[in-house]
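In the two complexes that follow, subunit A is the common piece, with subunit B as its partner first and subunit C second.
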Partner chain A sequence: MTVRIATMGMAGCSGCHIALLDIGVKLLDILKDVELVYSYPLVDTKNPIPPNIDVALIEGSIRTEHDKEMAEAMRKQAKFVIAFGACSAHGGVNGLANVFGGKQGVEYVYTKTILMAQKLVPSEHVPQILTNDLRLSDVVKVDFVIPGCPPNPDEIASILTALLSGETPTLSSKSICDECPLERLTEAPAKLRRIHEIPEPDKCLLSQGFLCMGPATRAGCNAECPRRGMPCTGCRGPSETVWDQGVAMLDALAAMEEDEISDFKLPRLAGTFARYTYASSKLDNLRKGVQKE
Partner chain B sequence: MKIGVFLCTCGDTIKGTLDYEELVTFTETLPNVKYVEIRDDWCQHESLNALIETLSKKKLERLVIAACSPHLFGQRFYEAAEKAGITRGLMTFANIREHCAWVHRENPKGATAKAKRLIRAAVFQVAAQSPIATKTFPVTQEVLVLGAGVAGIQASLDLADRGIKVHLVEREPTIGGHMAVLNKTYPTLDCSICILGPKMAEAATHPNILLHPYTELLAAEHTGKDWLLTLNKKATYVDWDKCTGCMQCTEKCPTRVDDDWSWGIAKRRAIYMPFSQSVPRKVTIDAEHCKKLTNDKCGVCEKVCPAEAIDYEMKDEVVKVQVGSVILATGFTEFDPSVVPELHYVENPDVITQMQFIRMMDSVGPFGGKLEVPSDGRKPEKIVMIQCVGSRDERYSWQCSAYCCMAAIKHAELAKLEYDPTLDITIVARDIRAGGKGFDEFYVRAREEYDIHFEYRGDDLEVVQNDGKTVVNYTDPYGKAHSLPADIVVLSCAMNPSPGTEKLATMLGVPLGELGFYEAQDEKVALARTDVNGVFLAGTCHGPKDIPESVEQAGAAAEESSVWLSTQSLSKELDVAVVNKDLCNACGLCVPACPSQAITFEESGDCVIVDEVRCQACGECMATCPVDAIGPLNINPTVLDAAIDGLLNNSIEGPESVIVGFACNECMYRAIDEAGEERLQYPADLHLLQVPCTGSVSTPKILRTLEAGADGVILFACASDLCHYGRGARMANSRVQVVRNIINQSGGNPAIVQVVQMIGREAKEFAATVQKTVDAIKGRNGG
Partner chain C sequence: MTQPKHIEFEPMTRLEGHAKISLDVTGGKLNKCHFHIIESPRLFERFMEGIPAEEAPQLSERICGICSVAHHLGSVKAVEDAWGVTPPKQAVKLRHLENFGEFIHSHALHQVYLALPDFLTPETPNVLAVAAKDPTLAKKGIELRMFGQNIIKAIGGRMIHPCSAIPGGMAGPLLEEERDKLAKQAPKALATARRLVKLYFKLAKQNDVGLVGYYLSEPTYYLSLHNKGMHDVYDGTLRFITPEGKTLHNFKPANYAQYIAEDAMPYTTVKYPFIKELGPDKGNYRVGPLARLNVVKKMASEEAQGFTNQLFEFFGERPIHDPIAYNLARSIELLSAVEQAILLIEDSNLQEDNYRVPVEPRAGEGVGVVEAPRGTLFHNYWTNDDGIINKVNCVIATGQNVRTIEHAVQAKAQELLPDLLKPRPESLNALQRIEPLIRAYDPCISCSVHMIELVKD
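Up next, the complex of A and B:
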């Protein structure tokens, strides 16, 4: 029996779709049993969404009324909905717009940036923008999440293979450190360093003062970044038992003698500690809570 | 799960404030609560018996005592519960007296609402707790003996013969200490090395003794049951496995250095063996004076060594040992008479000390036993010995050095016996102290048989030089002046603590007496014991004494130490930090956070492990763990969350807002109790949870408490530099700053999170501070 699969792209960069293609030769094995019934990033048709979809992969966050409508429409037709990639799973980089609250960001882009000659916020023929960037699960029920910016092709392949053979896929519940080959941290970072201050190879990046989000970030990517000397930026969101990814990492640095992090302004706090998750983070909840009051 | 809640009215003292009917009705509705009972006096014997009976009869599995502070009668309740088979881990307290009724007497409604929350928090918390096991950790069956003089050697042999492994550490290249070079011993004039030599050899070859010569103690740390000692094995620059002790190198070495083992009256080479009976019989290069090591010149020893044992590249080596007990046998050093101006010890070469004199007379010593006047090498005719140099002299020490009367008599007799019976020897003493067994006979024999003269001095005494002739001028106790010409003047110097004694005392925490010797626990009945666990004393490091006394004390120290090893074991309730291995990712954040160095990585590197002996259950690890994989058994993240939910979930009707305070169990909780005892009033908004240290409350935990509905959070920490665990209070401060910044940046009021730091027992200040802090937090509601 062939499995009917659909893919969809919301506010995002199509990078997750590229990652899907990046599965490479193995994709041919997967496609043997699959009928790709709907995929507007790949095939130029948007409507109508066909019925009886078995699995829907939805990339991107929910940024406009249109995104919301399309997600709801897809949910109606699909038995199993997957939030595909960081934006869909946690709000993604787009979520950082929430820092500036509501529509302020849109106004800035259309009236203050050089490229926008008319200095006008468009109102016709464009969907209404939402006050806050949302993740997919904020608008529809999500059955499974594939995290990552972009998701790891091997992980996508193994999840799809599991689904096609009727198994329930799982994500690692551990954090990046579990997969990281670098020498373990044994002393707390004394000072925050930036990546151009080249880290020593083979040594825990966090212990050297580079903000590596590894301890609080979900494993499953084989620690590809830190093992190459690049601190984890946390694209896979919090690991299973982390209360909040960004706050946990803020705490990890609270012991630093130079008390710089207690002076971070919100854009830096969000951009550094919740780069892919701000829209679904406790930091944003706090902001929303205060603004509601 | 069956939980029993036992409410106390404290003999009616809190009945007026709290509405007990309401409390009981409320408590009965709480999940898992199967039994509630009120009494006026749960702490009393009769009631405790009733408690035990009820617990058993009703088959209750966990219990909550809602009464006074657990710091007051907690232990009684623990013991009672234990009799009913409920371990310490499965009970908890709601402090409704000191923390509630007594401090909110003017607000009965608020106090009752708060008591409900405290009881609910306790019920939720106890449901999440785990039983605590007790484990016994035996003390490591090894002893380190520091100092290998006669006392150290004797103690080591006594222990080793009992099958206890001994590390015998000596900072010199040879064991033996002073006794090895004393020539003869009093009062029998036995050959000193003939007695000690076999003991030295036995110590070196005993299967249970590991010798650490030329080694010093660098650091000492007590792990809770054992001593973890770091030793520095100094480089000898000679491979002792190859060195045969043939001494060809010492003959050829061109560098001559003052010989410490002859107290400077002779020279030795830069490569040397301390004395001919050294154990181990190996040579050592004195790095400070060797030309090769200081200037990269010479290298003769390497050329002549037939065993190719010289190794100029050798480095110091750090060795770690773990032992159950330490015996200090670090000995003494002879008082330096150069500080006594009237003796002219430095200017006059014919003024020497007893140690120098005995080395001079030693037939196998540096002079080959030739007795001569140091300044011109002539044969001496008159010798004067001066007693009490540096002792019984208030300028230096009021103490009698105990050994010097007998030592002087012994040396006088030896000089007469072995060198020249016609020698004229006078001992100028304050008095002669000859209290030991056979001592007085020895003294009488010296006077009567050997014709040694004894004169008695007062305070005035001076050694002068007239025309190159040395004269001792002194006044006798009756005020009459005397003048004694002398070819050699021998000073009987005090015993002083050996250099480094103070450093070791600091390292091990052993108290020093006024004169700088180690202090015994009791100078009459616990002579070999110190106030420090597992540390014992042997020999002259404890005070001046002679060989028999040193050996006696060494035996006692060995005995005490072996009893210590067989009786002392650390019995510890394991409410220590526990690691959830499934969750731990070995990120390592908790490793540097632990103030007790109790956390290390498991061998596989997959997770961390906790040293149950070292862990103090402060909870600092819990706060740093991003995935909640570690925490003290009964204040782990789940238990703490349960308590927070107990305070906050579902509103309880009451006029107050709910401010959650996390109070450190060391200083602050007691200060808060005291505010209760003094009936100081503060707002009922404040609800306290007890944590081991405020450093255990993480940034996420503070924010989570606010998310759960708290109107504010206060961390009650010790003063930053007084935190019992080191950095806990400082961390509490840092975290509050981080949280306040987050709230501020999100547009909220940062004042809702506060840290209060106080030194314990400032109850009045505490109440005032709470009022101020609660006002600051509630300011938000007004604005």
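Up next, the complex of A and C:
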């Protein structure tokens, strides 16, 4: 039986869609018995969204009224909705704008930039921005989440294969540190360091004082960045056992020698510890005055 | 009296990002036609304020999942410029190779997945239909794109949103085992790229699908980076040429704000750059593959130069103004990127240990300009004494083409209006005669709106 799949993009960068294509030639096999019924980068279907969709992959966060309406419309037609990638799953980097608020941010962009010849905020037939960046599950029921900025192509392939053969897909329950090849040191770092400083090769970056988000972040990418000598920025969101990614990371740091690191100034708390999850973090909920589970 | 009617077609498809076309019609007469970019603004401009500048290359690249390498590199160049850093030669070569990787992936994405269906399977224009009709070509096209992505991953650690460009150089060399894997894939990639150029030339010559001369061929100015006249995607000087092909300005990237200004429109979330001294109406210019071929004097290889000569001969003008020439120019650039990438993969220098120098954060202003697959990309940052970003401005490739796209869409919508007003599927068939034009520019709409503009006063 042909499975009807749809893909859709909200506030995002199209990177999750590209990650889907990065499955490569194998994708043609995976999609063999699939009908791609709605997908703006690949097929020409226009609105309204067609009915009887079996699986919908939704990339991007909910940033405008239009995003919200489209998510609701897709939910009505789709049996199984996947939050596809960091923005859809946790709000993504877009969530960092919640510190300022949407309308103020938009005014800023169109009226205070150095090259602007005239000051005009677009308003005709363009989507109206929401005050807060939202993750997909804030507006519709989500059946499964694929994390990552962007998601790992191998992981997308195995999840799609499982779904298409009627199985329940799963994610890794481990943390990035569990799949990282760098050598962990027993000593705590003497000081925290910024990433323009050159690390010692093959040694755990957190042990060297770099703010590597590995301990608080879900595995599944094969620790791509630490493997390359760059600290994990946490794009895959909280690991299975973690309650809040940013809080967990602060916790991990507090467990280290506090006297030694207390003089370090953190320039941007949200941008450092909740770069991809601020919109769904406890910190942002406190700001919004909302109690969520 | 007929009531005024507002008709919208959404989404524009086989593009990267969100756009729609709207028509305002009264009594069968077209009053207004707009090409709306309706991408959700993500406000990078605001939230990049206050981050340590060395983290900008990994944050600002999230503007675009297709040309993340260009943002990554434009961003790191801007920080290095602000901090007075010169990266080692090996790092510059690695960045060149990484950007060629992106040109291969992004151009192949357009040539195989997005545009080819218009010409090869026009009755069901999508890549799955292409794969059904010509499985070998589809498979080779996919592998060609993956060659580009594999280059990016080998250097940047990840295919999308790479992590390795850092002020002072790169996080690591191109490892030998990675180089060997790439070298193995190279001959096939080169053969496919050659096949695609020839195919696009062949298709252009077939009048029924070629679309040459079908769209409004509007004379505009063109902008591109060049390196002493040579095609270059990472380094060099900027040149504006006039619609007649004369040099208007040849200037250092750092001085871009003296030459370019921007406008906003009420109906679209993208900004419209123009040549400052000429104003928004007369100073319209274009960027991207055709602009680059129009502006540079020489391609890096004889083969690419040969195809470029053929291109100018085929259209019988220089500069070429027909938007459909973008498709052919892109296929030439794709071949050129594969050739240049292979030369760098063979360069033993990339395995050395001289890929990074120490840097000191400091106060400064820096501009980083690279050629993204879709055109010239500008990142401009200001940092404080601690090297923290306190102001940002960017000009994104696609925005610079939107005004010309809109003019041609309006002309075509006027011509096809009776069909556009019919019920589906007639109206959608008419729309399919308009969309290939937008697609020719391969607009990256995600990017064009997510631009980081400036922050605090």
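In the analysis below, the second predicted complex is superposed on the first by the 267 of 293 C-alpha atoms of A that agree within 3 Å, B and C clash if a C-alpha of one lies under 4 Å from a C-alpha of the other, contacts with A are read in each partner's own complex, and residues count from 1 in each chain.
Everything that follows uses one rule, which is that a contact is a pair of C-beta atoms (placed from the backbone, for glycine too) under 8 Å apart; a residue touches a chain by one contact, two chains touch by 3 or more.
These numbers come from a predicted model, not from an experiment.
Asks: One more residue to check, A:Leu96. First (subunit B), second (subunit C), both or neither?
Replies: In the superposed model, A:Leu96 contacts subunit C only, not subunit B.
Asks: Does subunit B (first) or subunit C (second) touch A:Asp67, or do both, or does neither?
Replies: second
Asks: Now for A:Pro147: first (subunit B), second (subunit C), both, or neither, which partner does it touch?
Replies: neither
Asks: Report for A:Gly12: first if it touches subunit B alone, second if subunit C alone, otherwise both or neither.
Replies: The answer is second: A:Gly12 touches subunit C but not subunit B.
Asks: Return first, second, both or neither, reflecting whether A:Leu185 touches subunit B, subunit C, both chains, or no partner chain.
Replies: In the superposition, A:Leu185 contacts subunit B only.
Asks: On the A-aligned overlay, A:Gly234 touches which partner chain: subunit B = first, subunit C = second, or both, or neither?
Replies: A:Gly234 contacts neither subunit B nor subunit C.
Asks: Is A:Asp251 touching anything from subunit B or subunit C once the two structures are fitted on A? First, second, both or neither.
Replies: first
Asks: A:Ala216 in the overlay: touching subunit B, subunit C, both, or neither? Say first, second, both or neither.
Replies: A:Ala216 sits against subunit B, while subunit C stays out of touch.
Asks: Would you mind checking which one, subunit B or subunit C, touches more residues on subunit A?
Replies: C
Asks: Of all the subunit A residues, which ones make contact with subunit B and with subunit C?
Replies: None.
Asks: Once bound in the complex, which stretches of subunit C touch subunit A?
Replies: Result: residues 8-18, 22, 34, 36, 38-47, 50-52, 54-55, 58-59, 62-66, 68, 109, 113-114, 125-128, 131, 138-139, 142-143, 145-146, 149, 156-161, 163-164, 166-168, 171-172, 257, 260-269, 271, 273-274, 280, 356, 358-359, 361, 380, 386-388, 393, 395, 428, 431-432, 435, 444, 446-447, 450-451, 453-455, 457 of subunit C touch subunit A.
Asks: Flag every residue of subunit A that touches subunit B in the complex, lowest number first.
Replies: 173-178, 184-188, 204, 206-207, 214-216, 219, 239-244, 247-252, 254-255, 259, 261-266, 269, 282-283, 285-287, 289-291
Asks: Residues of subunit A touching subunit C in their complex?
Replies: Within the complex, subunit A touches subunit C at residues 9-19, 21-22, 24-25, 27-28, 31, 36, 40-47, 60, 63-64, 66-67, 92-94, 96-97, 99-100, 102, 104-106, 108-110, 112-127, 129, 149-150, 153, 194-198, 221, 224-225, 227-230, 233, 235, 267-268, 271, 275.
Asks: Quick check: in the complex, which residue numbers of subunit B touch subunit A?
Replies: 583, 585-589, 591-593, 601, 605-606, 623-624, 626-629, 698-700, 703-704, 707, 727, 731, 734-735, 737-738, 740-743, 745-748
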